[in-house]
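Each of the next two complexes has chain A plus one more chain, namely chain B in the first and chain C in the second.
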Partner chain A sequence: MTQKRTQENFLWHIRARQVPARALSVVYTFCLGGISFLAFVVLAVTGVLLMFHYQPGYSDGYHSVLNLASVIPYGAVLRNLHYWAGQIMVITVALHMVRVVWTQSYRPPRELNWVVGVSLLVITIILDFSGYLLRGSQESGAAATVAVHILQLVPGIGVGLAAAFFGHPTALSGSTLMIYVWHCVALPSVAFYLQGYHFWRVRKDGGIKPL
Partner chain B sequence: MDKVPGRKLWSKEGLVVIFSLAIGILLSLLLQAPVGTSPQAPLLAHAVAPWIFGPVQIALLYLPPWLGAVLLPLAALACLTALPWLGKLGGRRLALGSFAAVGIIIGVLLLWFMGREYWWH
Partner chain C sequence: MEDENSVLTRRNLLRIGWVSIIASGLLSLWPLSQYLTSSEDSLQSDIITLKISPLIGNQWYHIENTRVWLKRAGQGYAAILATCTHLGCEVAYNSSQQKWFCPCHGSVYNAEGTPIAGPAPRDLARVAVKAVNDTLIVNIGKVVGMDRQIL
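And then the complex of A and B:
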């Protein structure tokens, strides 16, 4: 019973029966949050399809990317869509943040939702970066090596954090099983949960403030 | 405040979904996602960061790693996270000013990186 009420409450907030008339205007929010979520959904669908062919690893990573880009039917379009949705998501999340700041939508009682939003921006950037590493190219190896060294500079937890996130990338390929699991399972799961909470919280805190 | 049925908003959102998907598919048909250089190819003389980490790459050129790649990004993140409380403390001016300062620094470093590397992905 309590669970049903909670679900109804969640759906009620996500999909309200009535909304302010001004919410129908495109310039109200420029749909930036919605487009970011759409990009996330596209990334999830294309990502799952890419997982049927992608194999992480020193040379496997790069070869499976090449296979996807040139051998697998529709593989190139799927991979391109995954790539472009990722770039678009980083840009729309950043622009969404600018709109929120401009309308001062971070003010009480929205502080918690603002912090959730900042966390989502950070996760989006890490997802984009880990996707870049999974190409398994020399460039990704160099980026992974630099990132490992940077993370190791964090006092106390840096070395452990680097090992937990990156595994053991080489200077020639950033594709490792560890990064693959973070990119495909752990980070998207956290992002999905936080997005649900973020949307629910928007309505709970009184809806969207217009420009 | 005037209210309208929620389904009107859903129709608008549906149109945005169709329009955005069309743009995404068009991009995917016209522009190839880069694959980079094979690990088996001769070693690259110069590696470039992905564009989102361009500002960090520029900072690393001129600052010690602990400052350019750890302390400054963490300070920027802390500033963004603390925005609601900065607003409470100093009003819109302080909040907007802090956000603008972080945004301008990141923007300038990003443009610097792009101009220096001619690298867009």
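And then the complex of A and C:
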């Protein structure tokens, strides 16, 4: 029965058939990875909805955020959900890493998943930062300026990297089309696939059996 | 695992969970439609104001970034909307041929905006225009007849 179900339905397929008892203990994981993924799903849904009214750009970015937060029906709810899910995700991802260190889950055979996890941490922080820039406020302009200058310090490729990621933000607004595309399409896609791989490795490395 | 005496069995709890998810999904449909259909962030004013210019003569003169064309008519001004009455494409006035041409399906209107060829069913709309001192105020939301075009 179970075999048949796992072949028929992807939802049954990704469900665990066996879980080690200690992995079910809440104080072992504190559900931090799961909460991070939940935040990611909330961010994806609210983010797509925000894209329907947000306009990137030097003058449009800030005004479209103001419109969203003030006159668009339920725009403020979506914006706040997106903002707080983002804040929570950064915190839970960081705490998730602390937990992995605490339980020594980075040790063999899980070195590869540790590396994947650290990549996801970095992507999460870049996503959070680029979201802050897309608000298009004066602070975001200052933040973008600082970030551009730091990135340009990388020898050889720094100037090109900064242009490819940030475009040309001004000191008064960090919202550019470049950052918009990285924030809404490129980085979330990479994060999504890495997360799938991350979860699959958890099972592969013996967290949940079989697989 | 299941306690038969418990009101909240595992099965009931999961059922409550599913019902809540479906209910909150349905409840969010109305707010979602409100959000997606909102046009609060687009320019909504039907009023266009501009300074009276000597360029506005006896031929139709295009007001940039709008579909309004103006010309002097009698003692006042006439305003016409360059929107084809067939399917809404923007038509343009050719001053040498004194005709309006629609690029989409080949409708042709004469200088007064009356269709003479193609699928266009009606005259181009005239809208209200008013001169106040040295300013012209055009209300593209207020369609007027040919007889009341000059205000």
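The rule is short, and it goes like this: the second predicted complex is superposed on the first by the 190 of 211 C-alpha atoms of A that agree within 3 Å, B and C clash if a C-alpha of one lies under 4 Å from a C-alpha of the other, contacts with A are read in each partner's own complex, and residues count from 1 in each chain.
One rule holds in what follows: a residue touches a chain if its C-beta (ideal position, glycine included) is under 8 Å from a C-beta of that chain, and two chains touch if they have at least 3 such contacts.
None of these values were measured; they are calculated from a predicted model.
K.L.:
Once chain A of both complexes is superposed, is A:A191 in touch with chain B (first), chain C (second), both, or neither?
P.N.:
A:A191: touches no partner chain.
K.L.:
Applying the document's definition of touch, where does A:L32 land relative to chain B and chain C: first, second, both, or neither?
P.N.:
neither
K.L.:
On the A-aligned overlay, A:L134 touches which partner chain: chain B = first, chain C = second, or both, or neither?
P.N.:
Once the two structures are laid over each other on A, A:L134 reaches no partner at all.
K.L.:
Of the two partner chains, chain B (first) and chain C (second), which one does A:L120 touch, if any: first, second, both, or neither?
P.N.:
In the superposed model, A:L120 contacts neither chain B nor chain C.
K.L.:
On the superposed three-chain arrangement, identify whether chain B or chain C touches more chain A residues.
P.N.:
B
K.L.:
By the touch definition at the top of the document, which applies to A:I179: first (chain B), second (chain C), both, or neither?
P.N.:
Neither: A:I179 stays clear of chain B and chain C.
K.L.:
Quick check for you: in the superposed arrangement, does A:F52 touch first (chain B), second (chain C), both or neither?
P.N.:
In the superposed model, A:F52 contacts chain C only, not chain B.
K.L.:
Can you give me the overlap between the chain B contact set and the chain C contact set on chain A?
P.N.:
Shared contact residues on chain A (touching chain B in one complex, chain C in the other): 77.
K.L.:
So in the complex, which bits of chain A are touching chain B?
P.N.:
For this pair, the touching residues of chain A are 15-24, 26, 31, 34-35, 38-39, 42, 58-59, 62, 65-66, 69, 76-77, 79-85, 87-88, 90, 97-98, 101-102, 104, 106-108, 110-111, 114-115, 118, 121-122, 125, 128-129, 132, 135-143, 146, 149-150, 153-154, 170, 172-173.
K.L.:
Going by the contact rule at the top, pick out the chain A residues touching chain C in the complex.
P.N.:
Of all residues in chain A, those touching chain C are 49, 52-53, 64, 67-68, 71-75, 77-78.
K.L.:
Going by the contact rule set out above, which residues of chain B touch chain A in the complex?
P.N.:
1-6, 8-10, 12-13, 16-17, 20-21, 24-25, 27-29, 31-41, 43-44, 47-50, 52-53, 56, 60, 65-66, 69-70, 77, 80-81, 83-85, 87-88, 92, 95-96, 99, 103, 121
K.L.:
Under the stated contact criterion, what part of chain C meets chain A in this complex?
P.N.:
Residue list for chain C touching chain A: 31-32, 34-36, 38, 40-41.
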